[in-house]
Amino acid sequence: MNPQQLKELLAAVAAGAVSPEQALKDLAELPYADLGFAKLDLHRELRNGLPEAIYAEGKRTDDLLRIVERMLQGHGRVLLTRLRAEAAAELLAAHPEAAYHERARILTCGAPSEPLPGSITVLAAGTSDLGVAEEAAVCAAWFGHEVERHYDVGVAGLHRLLDNLAAIRRADVVVAVAGMDGALPTVVASLVPAPVVAVPTSVGYGASFGGLAALLTMLNGCAPGVGVVNIDNGYGAAVLASRIARSAAKR
Amino acid sequence: MNPQQLKELLAAVAAGAVSPEQALKDLAELPYADLGFAKLDLHRELRNGLPEAIYAEGKRTDDLLRIVERMLQGHGRVLLTRLRAEAAAELLAAHPEAAYHERARILTCGAPSEPLPGSITVLAAGTSDLGVAEEAAVCAAWFGHEVERHYDVGVAGLHRLLDNLAAIRRADVVVAVAGMDGALPTVVASLVPAPVVAVPTSVGYGASFGGLAALLTMLNGCAPGVGVVNIDNGYGAAVLASRIARSAAKR
Amino acid sequence: MNPQQLKELLAAVAAGAVSPEQALKDLAELPYADLGFAKLDLHRELRNGLPEAIYAEGKRTDDLLRIVERMLQGHGRVLLTRLRAEAAAELLAAHPEAAYHERARILTCGAPSEPLPGSITVLAAGTSDLGVAEEAAVCAAWFGHEVERHYDVGVAGLHRLLDNLAAIRRADVVVAVAGMDGALPTVVASLVPAPVVAVPTSVGYGASFGGLAALLTMLNGCAPGVGVVNIDNGYGAAVLASRIARSAAKR
Amino acid sequence: MNPQQLKELLAAVAAGAVSPEQALKDLAELPYADLGFAKLDLHRELRNGLPEAIYAEGKRTDDLLRIVERMLQGHGRVLLTRLRAEAAAELLAAHPEAAYHERARILTCGAPSEPLPGSITVLAAGTSDLGVAEEAAVCAAWFGHEVERHYDVGVAGLHRLLDNLAAIRRADVVVAVAGMDGALPTVVASLVPAPVVAVPTSVGYGASFGGLAALLTMLNGCAPGVGVVNIDNGYGAAVLASRIARSAAKR
Amino acid sequence: MNPQQLKELLAAVAAGAVSPEQALKDLAELPYADLGFAKLDLHRELRNGLPEAIYAEGKRTDDLLRIVERMLQGHGRVLLTRLRAEAAAELLAAHPEAAYHERARILTCGAPSEPLPGSITVLAAGTSDLGVAEEAAVCAAWFGHEVERHYDVGVAGLHRLLDNLAAIRRADVVVAVAGMDGALPTVVASLVPAPVVAVPTSVGYGASFGGLAALLTMLNGCAPGVGVVNIDNGYGAAVLASRIARSAAKR
Amino acid sequence: MNPQQLKELLAAVAAGAVSPEQALKDLAELPYADLGFAKLDLHRELRNGLPEAIYAEGKRTDDLLRIVERMLQGHGRVLLTRLRAEAAAELLAAHPEAAYHERARILTCGAPSEPLPGSITVLAAGTSDLGVAEEAAVCAAWFGHEVERHYDVGVAGLHRLLDNLAAIRRADVVVAVAGMDGALPTVVASLVPAPVVAVPTSVGYGASFGGLAALLTMLNGCAPGVGVVNIDNGYGAAVLASRIARSAAKR
Amino acid sequence: MNPQQLKELLAAVAAGAVSPEQALKDLAELPYADLGFAKLDLHRELRNGLPEAIYAEGKRTDDLLRIVERMLQGHGRVLLTRLRAEAAAELLAAHPEAAYHERARILTCGAPSEPLPGSITVLAAGTSDLGVAEEAAVCAAWFGHEVERHYDVGVAGLHRLLDNLAAIRRADVVVAVAGMDGALPTVVASLVPAPVVAVPTSVGYGASFGGLAALLTMLNGCAPGVGVVNIDNGYGAAVLASRIARSAAKR
Amino acid sequence: MNPQQLKELLAAVAAGAVSPEQALKDLAELPYADLGFAKLDLHRELRNGLPEAIYAEGKRTDDLLRIVERMLQGHGRVLLTRLRAEAAAELLAAHPEAAYHERARILTCGAPSEPLPGSITVLAAGTSDLGVAEEAAVCAAWFGHEVERHYDVGVAGLHRLLDNLAAIRRADVVVAVAGMDGALPTVVASLVPAPVVAVPTSVGYGASFGGLAALLTMLNGCAPGVGVVNIDNGYGAAVLASRIARSAAKR
C-alpha cells in the first residue's frame, strides 16, 4: 500500500464509499507479506518513500514469479535488478506489460502514479561503466524522476566533460559512475554545486582489485560534496539520488 | 569574492557608486591567491556554493596566520578544521573575533551573510563519536544551516533512537556518525525518507582496523539511501549535507 | 562409538551378556579408522559430544561412499555438508534411508539416539542468506535440538524483527545469519539476553569482499554477547549453538 | 533499575509499603539517563541481563565521574574498562569503596546482588596475553560467576595444557585468549565439549598485523565449537560467556 | 649437465677416453638452452643441486613437449608440476616411460642417478590438503630422498598426531601441509626437534581468504623452528626440504 | 669515482701525468667501501649515472658522519634524504659548506660537475604534499637538472592547473605529487605528452590508509603514460625523472 | 586527425589547394566523435602524441566494429587490446588488412606514418609472463619504435640476464615484465642507466594475490629509477615507454 | 634440565653418587615452573633441542628478574630478546656476568655446554636491516653455532653480493634479512645450494606496509629453497637455522 492508495482509501471512507469495517480490514494487512522464504516489506513506501525493489541475483525463477505477483498485488508495480536475460524472458511471458532493460539488467512493471520532483543527471566515465550507469538511470526514471545521461566523459579526455558542463550544472543531483581510477566524481564535485553520488565500478586492470581502487579514490576525493555507494551499485545510487531530489521538493 | 559580494559590486556599478574601471580591477583578481606555497581558491564559493575551508593538520602556525588573513581579505570569513588547541590560541590572539570549538577542533571566523535553507540533523552512535559529529555540526551551522543534534543513539540501545525518531524524520538531511559496527546509518535509512550521509569513525577495538569495519558496513547497508564519506570526515559530511539542503532550495 | 553405545556395552558386560574379553576387543579399536587417505575420528563424540561431520566439498564421490559406510559402521549415523546434488543422488542410491536437504546442501543418515536439550532459534537477514541459515538449522535439528526459524528479518525492515521478538527472546541460543552489512546479530544481541552466534555470509555487492564486510561488522558489534564463526559456516554455527545448549543442560 | 530492584518494588506495592502512584513515578524514569553528551542505558540489565559497562578509553575524567555517579544512582554498581591508572586514582579518591584491577585496567564499584550460575574458565596462551585475559576474568567475576584461570598454556608447550585438561573439561564455558598464531582455542575446542569463546590479542611479531593473524586462525579453526570476539576484547568475551552460562541456568 | 655427468666427463678425460678438445666442446654449451620463448636453465643442478622443474600451468602442450625433449637431452630426466590430466596423456603418449601422479598432478620422467641423503616426512592436516601434500612427497621422492607420509593428522583430533609422534620425531625434515587454521606446523614444531617446512593450502571456508589465514598462522607460530613457503606450493616445500636434508649430508 | 673523474684519470695517464701503475692502484679500489656496518657503493654512478644517496632515517648521527666523510672522499659530493633537523645541525657543524633543505629534509654537499640535460617539472596537488614534492625537486636540481615547480594545483580547483598548463607542457618529464584521491597525475597525463612520474603521498583522512588510496588511483589511471613510485618517495621520483631526462639526451 | 594530417591540411591551405572555408569545416569536427554509447577521443594524438587505443574486453563485437570503422575514418589506423580470438576473427573478416597478434591478444590496423625515435627493450622474467610482455612489445612497435625482446631472463638464473646485459644497456627505455617475486625490474635498474618501466603480472602461486606481491616488490625496489604501471598492463607500459623515448627525441 | 644435565644425573646415579630416590626427586620437577603469571617450559630443550627464550617486549622488569632467576636455576643459562636498554641495565646490575648486545637488543647469560655443529651465514640487504640481522646472529652464536656475517649486500649493488659468493656458498644454512623489495633471499637461493631462511624486515617507504611487501616477495620467490619467518623475527630465523644445522649433524 503506497501513500496514494492510503489517501484514496481514507477519502473513500470519508465519502461513505467504504465502510470503516472494511477499511480496517484492508489496513489490518501485516506490514509485510510472509511467503515463508521471504517477508515482502509492503510498507517500505510509506516509511521511506519508495517501494522495495527485488534483487534478483541468485533467486530462482519460480520464486521471482511469486514475488512479482505478490508485489503487484500490494503495490501495483515492481522493479527487479540484476536479472539475467533468461529469467527475464520467463517473467515477460507471464507479465507481457513488463519491460526488460538489457544493459541495465532490470525488469520494470507498472509506473509511478505521479512524477517525482527533481532532475537527476547520470554520468559514466567510460563505455565499460555503462551497465552500472544504466542501472542507476533506469531506476531513477522508473521512480518518476526526470533523468539526463552523459556517457564516456571520464578525465582521460577532460574536454568531453567540460563541453557538457553547462548541462550538468543544471542537475539537482549528479550520479557519477566510474571504474579504474574513479576520479570523475571528484572532478565533477569541484565544478558543480549539486550533491554528487559516486558509484565505483569493478572495471579495470589487476590493481583495481574489483573496484577497490575506484572506491578509495571516491572516498578520498579532495573536493567535498560527494557521497559514495557500494561498488557496481547503480540501484543504491538511484535511491540516494531520489531521496535527495525529493528532500528538496518537500519544502 | 562570494556571490553576495559580487551582487553588491554589480549593484554599486549600476548605481554609479563604483566606476566600471574600478569594478574591472576588483574582478581582475586571479581566481586564486598565490602565496607561493599555496594557491587559495577564492572562487570556490562562486563555483560550488561554499568557500574553501582550511585543513590545519600538519600546517605551521605562521602559515595558518597568513592563510587566515588572506581568506578574510578575500571572503570576509574563514573556517579551519583539525586545528590543535595551541595553534588555536595563537590564532585567537591575532583574531579575537574568532571562536574555537574544542570538541570539534574547529576555528570559525565571520558568519554567513544569510541563513542557508534546509534543516540538518546530526546523529552520533556513541559518546566516542562526538568529536567527529561535532565537526559536522559546527561546519553545517557555520555554513548557515539549522542544525539539530541527537547523540549516543546507537543500535546497542535501539529505544534511544526510536524515542527520537519523530524529530529525526523531520530533517531534510541526516548525518549519521558511527564507529565500531557502523550500523546506525543503515538502521536510520530504513526508518526515515531523507537522504542519509554516513560518517564512519576510527573508534573501536582491534578489528575495526581504524574505521575500515564501520566504513564497509555503511557501504554494504541493506537499506539504500545512504551516501558514505571518508573515515572521521565530519567536514566532508557537512559539505555534502549542505549541498543536498541547498539543492532542495533552489527550485 | 558414541557415549550411548559405550554405556550399553558396559551394561552388557555388567549383565554378563558380553565377556570382558569381547568388550576389550571392541574397545581396542583405534580412536580413528585409517582409510589411508583419511583417518576418521571415531571418538570425537566421546570427547566433544558430537560425531565428526564430513565436509564433502572437493571430495570424490567414491571416497564419500567409503567414508559414509565406515562412519555408519562406527556411529550408526552420519552427516555430510556442502554436498553437490549429483553426488547426493549417488549416495542416496546406495543409502535410500538417507535424506538430502537441497537448500542446505546437506545429506543426513540416521538420527540422534535421544533429543538434546535446549531450543535453538535461527534467523536470516535476507532471502539470499537462506542457504547458510538452513545449513545451521538442519545440522542443529539433526544433532537432536528443537529448532525454530525466522527468515528475512534483517534491519532494512526492523518491524519484521520486532514483530517476532517475543518468540526470539524465548530461545536458549540465537543463530543470526546475515550478509551485506551484517548488522542483524548486533541488533538482536541488544534486544535479547541469550547468547548470539553470528554467521556472516558472502552475499552482497562489490565492497562486501566475499563476506569480509559482514564479518567485521559482527566482530565490532557495539552490543556485546555475540560470538562469530567463519563466513558461510552454518555448520560451525550449529555446533557452537549445540555446545551452548548442552552446556546449559548438564547442570 | 535491575530485575532485583524491580521485583522488590513490585513486592513493596503488593505489600502496601509503596503506593501505586509512587511506583509509577519510580518506573516513569526514562529507560536512559540523558547527560547531554551521553544517554546512559539504564534498562540494559532488564533487557539483556547485564548492566551497561563504561568503556573509559578516550573519555575525560570529569565525564567519567559524572557517568559513575549516575550509574551508581541507577544501578547501585558500575564497571569501567580500559581505564588508565591516573584516571583510576581520581575515581578512587571520589569512590573509596571502588577497586582498581591494574593488569585488567578495570575499575569495579559495587557487587552483584546474587551469584550468577555457571563456571567460566579463562585460558591465556602466553604471558603477554594476560592483560586481555584478566579483563575477561575480572568482568566475569564481577558479573557474579565463578571464574577459574589457567595462564601460559599455549600450544608451544602442549603438556602445560594437557596437564590442566581435566580441570578445563569441567568448565561450562571456556574463554581462550591467544595472540601470535591464535591456535589455542581450536586445540581446546577439539579436547573439551564446552563452548569456547575465542579472544585474539594484538600480541605478536610484524605479520600478526595487530591481531589479524590470530583472529583469522580462530575463525578458521578446524575444530568447531568456537565463537570469536573482537581483538583484545576481554570484556566482550566475558559478556558472551556470561550469557552462555546464564542460558544454561534458566531451564 | 648434472654433477654426476660432469664427474664422469672429467673422469673420461683423465682416462683418455675423451679428448680435452671434445670435453671443452661439451662444456661450451651455454648454461641455458634458448628455445626462443624460453631459456632452459641447464646448469641449475650444478649451482643449486637440483635440476629445474617445469611449472606446466598455463603452458601449451606443444611447448611442453619441446621443453621435455630438451630437458631430457640435457639432464636425462625431467619433472613437471601442475600438469592437467589431458596434457599428461599427450606427454605419456610421446614418452611412455614417464609416470603421471594424479593426486599430485605431477609427471616424472627418469630417476635420480643415486639416492639423496636424509629422510623427509610429509604431514597433511586434512584430507582436502592431500593434493598439495602429494606434490611435496612425489617431488621429494623423485629428487632421491626417502619419504614418509602421515595424512589427516590435524589438530582437530590431536591423538591422531600424537599416535604417530615417535615416527615423526625420526625425520630429518618435516613438511607440514595445512589449510583452514594452519595450526599443524606450529604444534609439530613444539613437539619435534627437526626443522619444519610449513605449506599453507587454500582449503577452507570464506575467511580463509584463499589460504591467507593459514599462511599468517604459520608465520606467527608461537613455537619457532618453522620456515613457510607459498600457499599450495608443495614443490617449493620439497626443494627446501631437500636442501635441508642435503645440507646435513655434506659434512 | 664518477665518470668525469675516470675520464680525467685516463687523460692524465695518456698525457703521462699519471703512471699506469698509479692509475691501476687508483682503480684497484674495491667498487664499494666497506665500513663494517655498511658497504658504500662507489661505482653506482659509473653503472647508473647517479651516485648513491644516503637514506638517513634511523641511522645514528656518528654513522652518518662517517658515511658522509667516506662519500666525499670517493665522489666529492653527497646527498642525504630523510634527515631530521637535529642530525643536520651536527653534520653542518662538521661540513659548513653543506646545505640543509628544511621542507625537503635533505642535506646536500657539493655540486654536479656539469649540468644534466632536460627540464623536470614538479607538481604538488595540495599544500600538505609540499614536503614530498620538495624532496623530488631538491634532488633533481642537485643532480644537475633544470627544475620548475607548480604547487597546489590539485583537481579540486582545476583552473589552477589549466592556468599553468602551457608551462607544464614544455617539460621533458613531469613529476606529479598527490595525496588524498591521487587524481592529479592521471589528469596531467591526459593533457601533456611528456612522461609523468606519479608520487602518492600519505596525506589524507582515514580511508587513505597511509597513501594506499592515492597509490591505487595512480596505478589505475585511465590516461596512460604514468609511472608510479613508492608512497612519499620523492627521491625515487627524482631518480626516475633524471634517468628519463638523460635518456633523451644521450642521442 | 593526427599531427601529420594537420600539417598536410595546413600546407594545402597555404598552397591554395584547399580553401580556408573548407579547412575550417574540416577542423570544425568536434574533438570527439559521439557514437551515443561512446565518445571517441579523436584529438588525443594531438594532445598526447598517441591515438586512443581501444580496450576490447567486455565490449560487444558489433560495438567494436563501429568503433574500428570510426577510428579508421578519423585516424587512418587503430589498435585494439585484450581482444579475444573469436572477435578478432570477425574484425579480420571486415578488415582483411588488419593483423591479429595471438599471444598479445592485440589487433592492429594501419601503421605509423613515420618511425618514432628511441629503442625500447622488453624483458620478461618467465615464460608465463610472455603474454603481457608481447602486449607491450607489439604496442610499442605499432607506435613506431624499434623494439628488442629478451624473454625468460628472471633472477632465478641470473646468468641469463647478465649474458644479455650489454645489449640491454643500449636501450633508451627498458620495460621489465615479471610475476611471482617481481624482482627483475629492481635488479635491472641497478645494472643499467636507462629508466625502467615495471609491469607486474598476475602469474604466481597463492600468495601472489593476483599480482599484488610483484606490484609491491616493484614499488619497494631498493634500486631507484623504476616507474610502475598496473598489473598485467602491457599497453600502459608501452605508452609510458613511448613517451619517454619521444621526450628524449624532442630536443 | 637440559640433555647434558640429564646425562650427568643418570651417570651420577649409575656411579652411586646420587641415590635413585634423590634422582627421582630431581626428575619429579614438573616439566614447567609455575610462577603464577607464567609457566616456564623447562623441558623445551629436551623436546626441541633448544631452551625457551624470553621475549622481553612488554614485560615488566621485576617479572623479567624473576624469570631470569628461575631460568638460570633450571637451565644454567638464559637469553632475552627485544630487551630495551633500561631494563637491560637493571638486569646487568643483578647479573653482572650477563652481556647486553645493543644493536640486537638481546641479553645473554651463560653459554652452551658444547658447540653445536654447522655453520650459519647471516646476510643483511641494507644497513637498516642490521638490528634484525644481529638478533639472528647473536642468537645463533649463543646457541653454539659458528656464525659468519655479510652485511649491506642487497641487490641494488649486485657486485657486493657476488664478491662474497664463494664464502656464502660454504654455509650450511643462509639467513637472509631484507626489507624494502625483499629480493635478496630469492637471488641468494638461485646462487647457492644451501637452504635459505628469509627474514623480511619492516624497513621501507610507505608501500612496504610494515614489511608486508618484503614478506610477499620472499614467499613468491621464483627460485625455490627458501623458508620464510615472521617480519623482523631474527630470533625465529636463528632457531630454524639451528634446527637445520643440527639436523645435518645427527646422522
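A, B, C, D, E, F, G and H label the chains in the order they appear, each numbered from 1.
Criterion: a contact is a pair of C-beta atoms (placed from the backbone, for glycine too) under 8 Å apart; a residue touches a chain by one contact, two chains touch by 3 or more.
Small disclaimer: the values here were computed from a predicted structure and weren't measured.
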Seminar exercise, completed: Contacting subunit F as well as subunit H are chains G
Exercise. With residue numbers as the basis of comparison, which of the pairs A-B, A-F or A-C duplicates the interface of C-E in over half of its contact pairs?
Worked result: A-C
Exercise. How many angstrom between the C-alpha centroids of subunit C and subunit B?
Worked result: 50
Exercise. Once you find the CA centre of subunit D and the CA centre of subunit G, what distance in Å lies between them?
Worked result: 61
Exercise. Residue numbers in subunit A touching 2 or more other chains?
Worked result: 156-157, 190-191, 204-205, 207-209, 212, 215, 219-220, 223, 230-231, 236
Seminar exercise, completed: Listed in rising order, subunit B residues that touch subunit C in their complex are 125-126, 154-158, 180-183, 186-187, 190-191, 204-205, 207-209, 212-214, 216-223
For this session: Could you please specify the touching residues of subunit D with respect to subunit B in the complex?
Result: 30-32, 36-39, 41, 43-44, 55, 57-59, 63, 200, 202, 210-212, 215, 230-233, 236
Problem set entry | subunit D to subunit C touching residues, read off their complex | 47-49, 117-118, 172-173, 189-198, 215, 219-220, 223-231, 235-236, 239-240, 243-251
Problem set entry | In the complex with subunit E, residue positions of subunit G that touch it | 127-128, 130, 151-153, 156-157, 159-160, 163, 203-209
